[in-house]
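You will see two complexes here that share subunit A, one where it goes with subunit B and one where it goes with subunit C.
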Partner chain A sequence: MRGRDLGPAEAYASASAGLSAGSGWLLPIRSEAAALLQSRGFPARDEAWKYTRAGNLLQAVFVPAQEASDVALPDGPWGDEPRLVFVDGIPHPGLSRGVEGLQLEDLSTVSGGCPELGRALGEGDGFSALNRAFLRHGAVLRLPRGQQLSALHLIHLCTGSRAPSGEGHLETLRHVLVLEGDGQLQLFEHYLSADGVEHASLTNAATEVILGPDSHVRHVRILDEDLRSLHVGAIGAVVGAGSRYDLTSVVLGVGLARIEVTVHLGAKGSATDLSGLSLLQGRQHVDHHVTVEHATPGGISDQDFRSVLGDQSRSVYTGAVIVRRGAIGTRSSQLHRALLLSDDAIANTRPWLEIDNDDVSCTHGAAIGSLDEDALFYLRQRGLSELAARGLLTSGFASQILSRLSPEAVAQHLLQRARAWLGAS
Partner chain B sequence: MLELIDLHAEIEGTPILKGLSLSLGGGEVHAIMGPNASGKSTLAKVITGHPDYRITSGGIRFEGRSILDLGPEERARLGIFLSFQHPIEIPGVSTAEFLKAAVNATRRARGQPEVDAAEFLRLARERMALVEMDPSLLKRSLNEGFSGGEKKRNEIFQMAMLEPRLAILDEPDSGLDVDALRIVASGCEALRSPERTMLVITHYQRLLDHLTPDHTHILLDGRIVRSGGPELAQEVEARGYQWVRDEVAA
Partner chain C sequence: MSTDAQDLVAERDEYRYGFVSDFESDTLPPGLDEGVVRFISAKKGEPEWLLRWRLEAFGRWREMQEPHWPHFEYGPIDYQGISYFSAPSKDAPKSLDEVDPEILATFEKLGIPLHERAALAGVAVDAVIDSVSVATTFKDKLAELGILFLSFGEAVQEHPELVRRYLGSVVPVTDNYFAALNAAVFSDGTFVYIPEGVRCPMELSTYFRINEANTGQFERTLIVAEAGAHVSYLEGCTAPMRKENQLHAAVVELVALQDATIKYSTVQNWYPGDKEGRGGVYNFVTKRGRCAGARARISWTQVETGSAITWKYPSCILEGDGSVGEFYSVALTHNHQRADTGTKMIHVGRDTRSTIVSKGISAGQGQQTYRGLVQVGRRATGARNYTRCDSLLIGDRCGAHTFPYVDVRNGRATVEHEASASRIGEDQLFYLRQRGLTEEDAVSMIVNGFCREVFKELPMEFAVEARKLLEVSLEGAVG
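Moving on, here comes the complex of A and B:
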């Protein structure tokens, strides 16, 4: 394609102009983002990208798929629950399953604009601009006041097929979920690869969750793709008064992932519980970059991010907690734990506190190390082989994040995947 | 059934056991008493194969064979059980999940059929009753958030499930109130059998009031310096250890 010799920012910016149109209101957002991308470029020696080289996500210029291939939906914990399925970033109505009366549609068909788009995720860096420059598809859900949805699955299936450029595909998605008030939602995002993937792809997926008052969202995001895939994820939540946003980010399969989480606690009694589990091997690299902003008194935020690292894998956790001047009585905790199963694995951890008032309680901790020798001896003394003992301790470490997920079907699915991973690693 | 022969052992270059010899017959209950740092817990860990301890000379024979070359799990599967002084907490692993794996690893090694979930639960409930343990603890993470008494009872419950030939009880009474002590001791007493030898490490006579030993030994500076019957424990309770030290020095 033209522009291959230009820098990736310029190449992507010019490619976005050729994107087939959705609703008209998307066009100015795309072109503005493309101009921004072109002028600013992708992050290079940025402090926020200290341990993850943005260049490794940009080794090729990926292009969007034109249409959804016909593939089968793999087995998963969604049962008969409502789901939107995207194949290579394109909605696949045949695999999706709606529910009557639900205000759920694809971004490209939303007419007249989506006022909440951009509220939970701001201008951001080059990858954020890339997401908007290719803005086309994604789930737009609106839960009117008082409505509950026990499960919505957003399933992303990557076929790994070849784009005309010779590379894999670029998948950009923008999901916007709005709870107007007094609502509940369990949201599951699955990123999966179809069987027989042949080419690496780049996913750039942004999810915005806007919680009105007295609402609760439990969000589970599962990355279980081919080991060559590249992934940039952005999750933003704006939490209303008396509301709670909980996220668990599970990473099982991906080559390189950078996942940014931004939660804004700007209303009285808002709270968030963020957790993550990455099970990595080979040369997998996963970077969680979490920012929680406390802008109102009495907010509560907790973070527990864990990784299990084999071979030469690497996990990065940056957890920033920002407490604004008026946010007295803020309570926040951050914890990063990494279990190193190999001498060559690396874990980087950076807790980051920015506190503008006195009356707060903020704790942070990090524990990076190998399995506890006393615990291993205890289990072996009970007759378990060393291998079984190591497996049990590692699965215990992982299941502290997974077993608290609901519903049971999702927790069991992930526990099973984690055990399979442990058996194979 | 267990013979410790002139055993010398060290940890990180520091000698702890300095020529310990002891012989336990089948079905006997032996009590080991001794002041702090005399080597009691080391003895328990050396017999069970803790990798931090190095045996520099001497031998350990269990039912006629040397076990020095065996790893902890192999010794466990032969039927050697240690009730830990400080049981380990393992978050994320339920007591049931752990213990079923342990029971089945042991059964496989002994050529017995594995127990399924239903049979395991039935056995577990029956044996938890021995130490008046709440069955709801089976679902909880192993020892996490358990009280001191619950942890010690859990050790004895595990012993009941694993049915060892040799049970080493490392201060099963430490940190227990009078009622919990009675429950733990009577649980041990109930598990006493001609098929099971017990080596009980304790500081106090009060455990031995419920679990009367056939033999009592005093461990001092890495060696057994006195052996006798149950009355030796009473003498220690009444007089402390200084007289033993004096006699040994003389």
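Moving on, here comes the complex of A and C:
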């Protein structure tokens, strides 16, 4: 049952009317979304939001920044690779780095419209409407047939400075990445906070990936922000025939995050591999809501989402695998594991399967618990201290997701961040 | 309004105000209002507190909305079109010899030779036909041990203090729409009480049967096992062919005190509707057990092959430290059958353990849903759950859906969930056929293997019946 909460929705809908214009084609999308937001409201008492209160993302009405502040780019695993940097949701050309001949521009400067926008992410709920109501910036990349891009970094930097309303900023982003066919892309999304954050901000970032035939996208999304920040992420992928979309969602720093992943396997032989790692402490709350739809024969999907939970943190995982009638020969696996390091941490898991045909092989599993006592005993027998043994097992649990990432620079960066997290927890 | 309907309303109006004196009528015309609730209560000679309890439930039910969240849709239920009380017309017999031969003949047709079974298999049968118990056996033998095995109506008369203490203590009247309806209008059912330290020497069994058309069945079962007591209870169901949908909204409450064990087994084979999905029983049942004491154990085993729609979640509240909950289920849906079933394991006490094994088989256009919750509360240190949930699909138009919920709020708990969905392997079929088995026999053998983990939990005579039921239910599913 969908309930609604109209208060913040109305405030946001009317605020969106004052947004300074980008390209003219964005206006009708915005106004339509604002009207939808106003009529529908944000989710409340919604089964999809059972374990995350939408109201906690709506404590204040955040407003968009007017311009990108001048900040320094922190160190990161991007090196000299092409990157687009957004500061408080506004593109910062000075920090960005392009590549000759690449069809990459900001949404606000795309003329004549972007036909792929909305293809991988549909109407959605109130937060999706909020994203379209404030539609202005984001990366639009088009890889023509046969083109490869070994790395593109989309870096989002939040300053946490104070907006005129007295709150932090609303950062709205919509990235659209199109591979026309026979292409390859490694995409890295980094969500970071600048030093000296003073105010909470709300990021509402949507990323759409459209894969033509025989293409491969490896997408790594890293949330490493200030612990006060609020985050709503939506990732949508439409996977073409013989194509593959892989995603790893890593969450290290955020106060409250809701990340929705929707993958549509709508062409023969399409495949996806989705994984996630959340390292949480304090009162952090992270909700991954994953939907994989098998609509055509021969699709393959795999999921491996993990959480390590300290203090009073909470992880929520909902993974729905939907196999439509006619999607014969579907193979699907789904796994969620939560490691509870504290008595007060909470893990919620919903591994769902909806199957409407018989020629399938689908599995799902979930395991929630603390560290394996036998493994601890074995390590201590080898002379490790209890602390060292626990650290080793925990980092082993986490590194199974991180160590398979490439390139090496990204994997090492994240493993180092994970070790720092473990040392602190 | 048709003339018939007007007649019925007029008829009902007659007893609405004169219900107390109208003891002669045995079947109520369709319709539901406060008068009906009062009529049922008066007809059964219930004490004032029970009438009040029913009326409160009825009041709450009227304020509640019928739920529609399961993974199926069903036609509207006309609650005013159901007759809420019907009883075999003769006075209750005092021995088996006095039982209406026609009723006995029906049991024979269903393959339940009542006296033979009672004598040979050592099974006491409290047979409920429609709404009033007509035959009860072995009662005296059980009474020697202090075991009470009564119809609900008798229990209210003979042991009101026990009924009052436990009725609604596990499934409160406001629990859900159908439980509230049941509380208001339940006609009869079974009451079992096992005194402290007593091990019930035989399987207790009740055969339910929906007999008269248009009669909703609202049974209520209450089983209480005192400290250290042990009981195994069998519930089996068959129903004759009916054209219209029949609502069955039963409530089962189990209470197990310290070190007590209750094993509750069900084989449900009610009319599933015809091949086009017409007719069949709506089986909307609330079953819940409470492990109230330390080391108490409640085990649910169910084999669900019948009913047009099965919608139930036999659950365990594990309050006592070290208490154990189990749920073993086989559900089969063929043709247009729908089943939305599963369990809730609520871990409250320390070191509580639960096991869930669910096997769903979908054939034809059958739709199968497993829906379950494993909840580990803050106090439930050392809690463990293991869930295994498998679906077998036969045919490209059936469906299998799995909606588990896992909610862990204690860092020293371990919860494991595994699930799979697949069809019968071509190679498995090939090997069996190569050995000379027909395709149907081969499928039956594979299905039985698939369900083995659950069947081995059933008492032997039920396990045999369950295997037969699956074979019959799967006829025409392949080839």
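One rule holds for everything that comes next: the second predicted complex is superposed on the first by the 419 of 425 C-alpha atoms of A that agree within 3 Å, B and C clash if a C-alpha of one lies under 4 Å from a C-alpha of the other, contacts with A are read in each partner's own complex, and residues count from 1 in each chain.
Here is the rule we go by: contacts are C-beta pairs under 8 Å (C-beta built on N, C-alpha and C of every residue); 3 or more make two chains touch, one makes a residue touch a chain.
Note that this is a predicted model, so its numbers are computed, not measured.
K.L.:
Quick check for you: in the superposed arrangement, does A:Q381 touch first (subunit B), second (subunit C), both or neither?
P.N.:
first
K.L.:
Is A:I368 touching anything from subunit B or subunit C once the two structures are fitted on A? First, second, both or neither.
P.N.:
It touches subunit C, and subunit B stays clear.
K.L.:
Look at A:L392 in the shared chain and tell me whether it touches subunit B only, subunit C only, both, or neither; answer first, second, both or neither.
P.N.:
first
K.L.:
Once the structures are superposed on A, label A:E354 by its partner contacts, choosing first (subunit B), second (subunit C), both or neither.
P.N.:
Second partner only.
K.L.:
After superposition on the shared chain, which partner residues are touched by A:Q400: those of subunit B (first), subunit C (second), both, or neither?
P.N.:
first
K.L.:
In the superposed model, does subunit B or subunit C contact more residues of subunit A?
P.N.:
Counting contacted residues of subunit A, the larger count belongs to C.
K.L.:
Can you pull the subunit A residues that subunit B and subunit C both touch?
P.N.:
Correct list for subunit A: none, the interfaces share no residue.
K.L.:
Touching residues of subunit A toward subunit B in the complex: what are they?
P.N.:
372-375, 377-386, 388-389, 392-393, 395-400, 403
K.L.:
Residue numbers of subunit A touching subunit C in their complex, please.
P.N.:
Residue positions touching the partner: 1, 47, 51, 309, 325-326, 328, 338, 340-370.
K.L.:
Which residues of subunit C touch subunit A in the complex?
P.N.:
Touching subunit A: residues 69, 362, 378, 381, 391, 393-423 of subunit C.
K.L.:
Subunit A touches which residues of subunit B in the complex?
P.N.:
Touch residues, subunit B against subunit A: 48-52, 71-73, 76-77, 81-82, 84, 87-88, 90-93, 97-99, 101-102, 105-106, 109, 141, 158, 162.
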